[in-house]
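Next up: the structures, one after another.
What follows is a pair of complexes built around chain A, which joins chain B in one and chain C in the other.
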Partner chain A sequence: MNVVDLALVSATLTASAPVVFAALGGLLCQTAGVFNMALEGQLLWGAFSGVLFSHLTGSAWLGVVGAVVTTAVYALALSVPAVAFRADPVVVAVGVNLLALGLTAFLMRVLLGAGGVYTSPDLPGLPTFAKLGLDVPVLGPQSPLVPLAPLLVAVTAWWLARTRSGLRLRGVGGHPEAALSLGLGADRYRHVAVLGAGALCGLGGAQLALGNVTLFSEGMSAGRGWVAVVAVMLGGAWPWPVLAACLLFGAAEAFGFRLQGLGLPQQAADAAPYVITLLALVVAAATRGRRRLLEAS
Partner chain B sequence: MPAVELVGITKRFGDVVANDGIDLSIETGEIHAVVGENGAGKSTLMSVMYGVHQPDAGHVLRDGVRLRMRSPADAIAAGLGMVHQRLRLFPGLTVAENVVIGAEPTRRGVLDTAAASREVERLGELYGLRADPAARVGTLPVGVRQRVEILRALYRRARVLILDEPTAVLTPGEAARLFEVLRGVTGEGVSVVLVTHKLGEVLAASNRVTVLRGGRVTGRFATAETTAQELVVAMIGRSLAPRPLAPPGERAAGPYLLEVENVRVRGGEGPARVGGVSFGVRRGEIVGIAGVAGSGQRELLDVVTGLRTPDEGRVLLAGAPVRRGRDPRVAYVPEDRPGRATAPTMSLADNLLMGGQRERRFSRAAVRERARALVERFGVRAASLDEPISVLSGGNAQKAVLARELSGDRPLVVVEEPTQGVDVGAQEQIHALLAQARDEGRAVLLQSSELSELRALADRILVMFEGAIVAELSAEEAGEDRLGAAMTGAAG
Partner chain C sequence: MRTTPTLALLAVLLLTLTGCGGTTTGGTSAGAPAAKSVILITPNPASTNSFLQLSVKGAQAAAKEIGASFKLYESKDPAGIAQNVDAAVRAKPTVIVGVSFSFDDVFATVPRQHPGQQFLQIDSCAKDPAPNLTCVSFKEHEAAYLAGVEAGLLSESGKIGIVLPIDSPFIHRWIDPFFTGAKAVNPKVTGTPLYVGGNTPFSDPARAKAQAQALAGQGADIIAAAASGGNQGVFEAAAEAHVKSFGVDVNQCPQSPGNVIDNVLKHVDVAEAAAIKDIAAGKTGGVKVYGLAEGGVGVNALGDDLASSQCTVAASPQVVAKVKQARDDIVSGKLVVADPLAG
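Let's look at the complex of A and B:
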């Protein structure tokens, strides 16, 4: 069995897609000057609400829409205290993450009547390109949300660099006092960034629960939101480096999965992405110097 | 008709009346200096003019029309532009982006970067404010950054420029260039409001002067018809005593008390912060250190005081190495008053004790007794020994630090920026204290960005540039031009 092939590339894209969406949200917030550590909880909420709305409507696409809308609403739990009332975003984020864990477990029992894991043959998942009758190389077994993730990174990179609102977002995050003296209030941009991050986490969660698999299980985001936070820091909140960091994580996960097939213990395979993330942080710290990394955070 | 007129501006913060019925009129095309000590109300008045604060009484007229000012956006719309002392620039953005942000040129919804760059170049050409539009502001020297902020105001069609202490961060050469630019700008019919406490600048650059003290106007002068003496009287309500300084004529002789030998400090990255510096300071002399901010002075003084271990070289005090941490033979007055020199939330008495807290003779009562004596001897004005030191004015807090450091008999005195954020009256006393320390036979090492301060106090001036001492000038040789040239690396 060949260890590296196109299937591995495909698996890397699958594994990284939810992280890319979440990291893109984190990047927007970082650019606007809000440290968004609540990606994990929002990703989990996105996964749950995606499954819930797919179950209720019988359409995976309406599930995606439901996830995007409700996760953006859920993001108000971060944006209102942290932006409007100047609470410490780290403290608020801890609350948002813990709330998501409890709330999804509770609502799963109440609304889906299942504990631990919910899955059903009647639960519609996202279609793959193959199922849609499209012959796309590499992406055949993927949902259309998978290529959407890097596409949105490209759009974001262009938007930040080349549009009026993108420039202003960068300014507001870089020096809010200066922005205010030019008549640009930071709060509006920050609210939009945090809610936009919520919507993106909704997309990521929906891909995780309706694309990568078709089920919801308690705590299924499993640290991907934290990896996204790290990716934002590693990439210095620049779109392309952040994408690269996410792909590194995805590759580690896919590779670990592959090695498991070759007899590596499952625990080691599961740990691989996080070990890689940790190593990347250490290497980045060593090469760029401690100060640069702190500035990026 | 004046370009801008402030009429009867009164602004209170709680019980404090920062501005009390101030009238100020700025004519078209003039440079109008607003001077006063710290706390005189200059900053508040400018904030009112720029729409940051709304006055409790009074109003602002622009070309005779009363303005409604709810925020700086209204002031910008009315043709006012402000260059803040702490520049309001975005370090991560380019020069062009910094200039146009908030009023960006676009083409079909997309930023027109080319048009922004052209505009920066055109304005730069017109007013003599050259800056590379594509450069990232964070990489530029501070003098150029200030030009960017002026360009931004002009881009937004400011007809009245307010500059708050613009030369505080500049070298003498950069300051001279700034005033050239300002004269050019006024030639185009723009008015300039220059807020400063440096009387030399006022006399050299302005057309008219308004003096504030205690929130009121205490003098209005045409610059050509006034003198520094007259301005000082209006600023502090009395004239300064003649300088009490001993002439630096009687040159100290004898061995060096402080010997710095080939000290080298490497930074995290890039070239060494301090590259092989050697010098000495004798008892009974003040040695000045000049240089543009960031030339290695901070690192060098950290080594001298024992706060930092040099990568190479050594520092000897009376023949013995300085002790790491805090050497008890060194009196040290750091620049960073709230961060290093004081514990802002602790009381004045506790701050005066610091460093002596382990001495057994200090009971609670003895601490207060000593504090009372020091406050009296050094002329610190404070309502109580128990209030936190942070409520004191800059001048009184600095005098308290000097009282603590100079009260013993430490032979070496290291002082950084002793009069930064200190009013004119206290400056005079602080200078006298340093001269007294010298006359007592201590060795004084004085780092300052105020060249007039160095020239008035120092027997010798060492000029640092990019981590090296590039010139050593005697008090007589150290004219502003020679100092300024050495500070920018041109051989003095």
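Let's look at the complex of A and C:
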């Protein structure tokens, strides 16, 4: 079997897309000076609300809209305590994540009438490019949300570097006092960043539950939000490095699957993403350390 | 929603239990001091798992039949299991039922401390069981073999695959006999298992789907799903790649009509109800093993309701005939399916 081929690239994109959306949200918050560890719970809420609204409206796209809107609202659970009342964002995030786990399981029973896994042949999923008439390799089996993820990374990179509001967001995070002296209310920017992260997690969750698969299962975010948190740290909260980190994880996952097919034990293939994380952290720390040394001398 | 009462009960129990077990007052207690009662403890919330749901159904049915009240204690983690067992022992029911290997630890010690209390373990058995612990286990490998026979007969490419949560000895009961059965009818068949792995291997449909896609990419035209909560992901991948799949534990054919050949069934409700009635009648202790001969495991191809099961094997009567032949051979002892756990 060929280990590296176009199918591997395609599998990498599929695996990465939800993580990229969530990591982009985490990046916005980090830039604004709020450590957002609640990506996992918001991703799960996004997946649930995407399926719920797709089920209720009969349209996967309205499902996506529902996921974006309600996950942004759900992000208030982080932004109000952490930004307005100065609570420790890590503590709040733990609550937000646990609440999502319980709330989605409970609402699934009440609203969808199913426990464990909800699926139905009538549940509309996102169309693939192949279904939309664009049957090309790599992109063909993907939903339109998959290329939207790197596109949003590009937009964010431009926004943070070239626009007034983007630079202000960075100022609010990097030098709150300086920003305040310019008359910038840090809280307003931080609220927007956290709610924006919620909306992005909504997109990621919708892609996971309506694009990658067409179903909702309890706890289906399955650690992807945590991978996003790590990707934000690994990429130093810069858009392109964060995207690279997400793709690295996606590739490690897809590659691990392939290695299993070649006879590598599952436990070893499973460890691949974590080995890569450790290596990347070491390399990143080493290069940053050297740069710091150079700057000092 | 035909399961509304059950769901409502589950919801109430979830809210009252939330992790710490303790003192639930749910259920349908008769009130009389000597009244019979059955307490079922699950290792995870029952809603997450069709197998646990079936075990709840079986215990409820048995309790009704022997005129006992029924209570369900759901656990969320190993600590919750121990606390729920504690609470159950204090309630002094006719029998305390624990489902799965997660009870091996607790049921190795607690029954000895309470010799007057009857315990029943489903789907596994604590080491060196006490006289007041009855065990019910299944020969999943016999049913997996029959599914393999179907796969071997129906595969055109000669490549079959199966997606599983993790690579553990118990899980191999679904893998090895499946491939053995396929090879028995078609020696050229090659089988590949792929494992979901990751943070939540038993409930990650997205990763399960990716694994199934990898198998389809290798040319497998039958990809069995034994990935627990991830099965639906396998069915989706099978439908998209125009290949066929198998389900497990319960009839999963209606979940993906036209894409699922058959299921490796475990009639936990039947076996559990029989064991509870036995214990209530005073026949306690020992390990009861349910295989094809006892009707504890099977495939939909052998069921009376095959025509309405939505399983695609119904369209291949010659395959069904071969499966029945294999079943008869296993039941008569002419054919012995090797148990991967015994090796």
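Note that in this section the second predicted complex is superposed on the first by the 258 of 297 C-alpha atoms of A that agree within 3 Å, B and C clash if a C-alpha of one lies under 4 Å from a C-alpha of the other, contacts with A are read in each partner's own complex, and residues count from 1 in each chain.
The criterion applied here is as follows: a contact is a pair of C-beta atoms (placed from the backbone, for glycine too) under 8 Å apart; a residue touches a chain by one contact, two chains touch by 3 or more.
This is a predicted model, so every value here is computed, not measured.
With the C-alpha superposition on chain A as described, chain C and chain B fit side by side in the combined arrangement. In the superposition on chain A, A:H191 contacts neither chain B nor chain C. Comparing chain B with chain C, the partner in contact with more residues of chain A is C. Once the two complexes are overlaid on the shared chain, A:T119 sits against chain C while remaining clear of chain B.
After overlaying the two complexes on the shared chain, residue contacts for A:R170 are found with chain B alone; chain C is out of touch. With chain A as the corner point and C-alpha centres for all three chains, the angle toward chain B and chain C works out to 130 degrees, nearest 10. Contacts of A:A254 after superposition: chain C is touched, whereas chain B is not reached.
By the document's definition of touching, of the two partners only chain B reaches A:A178; chain C does not. Here the smallest spacing between CA atoms of chain B and those of chain C, following superposition, is 36 Å.
Comparing the two interfaces of chain A, the one with chain B and the one with chain C have no residue in common.
Within the complex formed with chain A, the chain B residues making contact are 52, 71-73, 76, 82, 84, 88-93, 97, 101-102, 104, 106, 109-111, 113, 268-269. Interface residues of chain C facing chain A in the complex, by the touch rule stated above, are 1, 7, 10-11, 14, 45-50, 53, 166-167, 192, 194-195, 197-200, 203-207, 209-211, 213-215, 217-218, 229-230, 232-233, 236, 240, 255-257. Contact residues on chain A toward chain B in their complex (touch as defined above): 161-164, 166-168, 170-171, 174-175, 177-184, 289-291. Considering their complex, residues 1, 7, 11, 14-15, 105-106, 109-110, 113, 115-117, 119, 121, 141, 208, 212-215, 217-220, 222-223, 226, 253-254, 256-258, 260-261, 265-267, 269-270 of chain A touch chain C.
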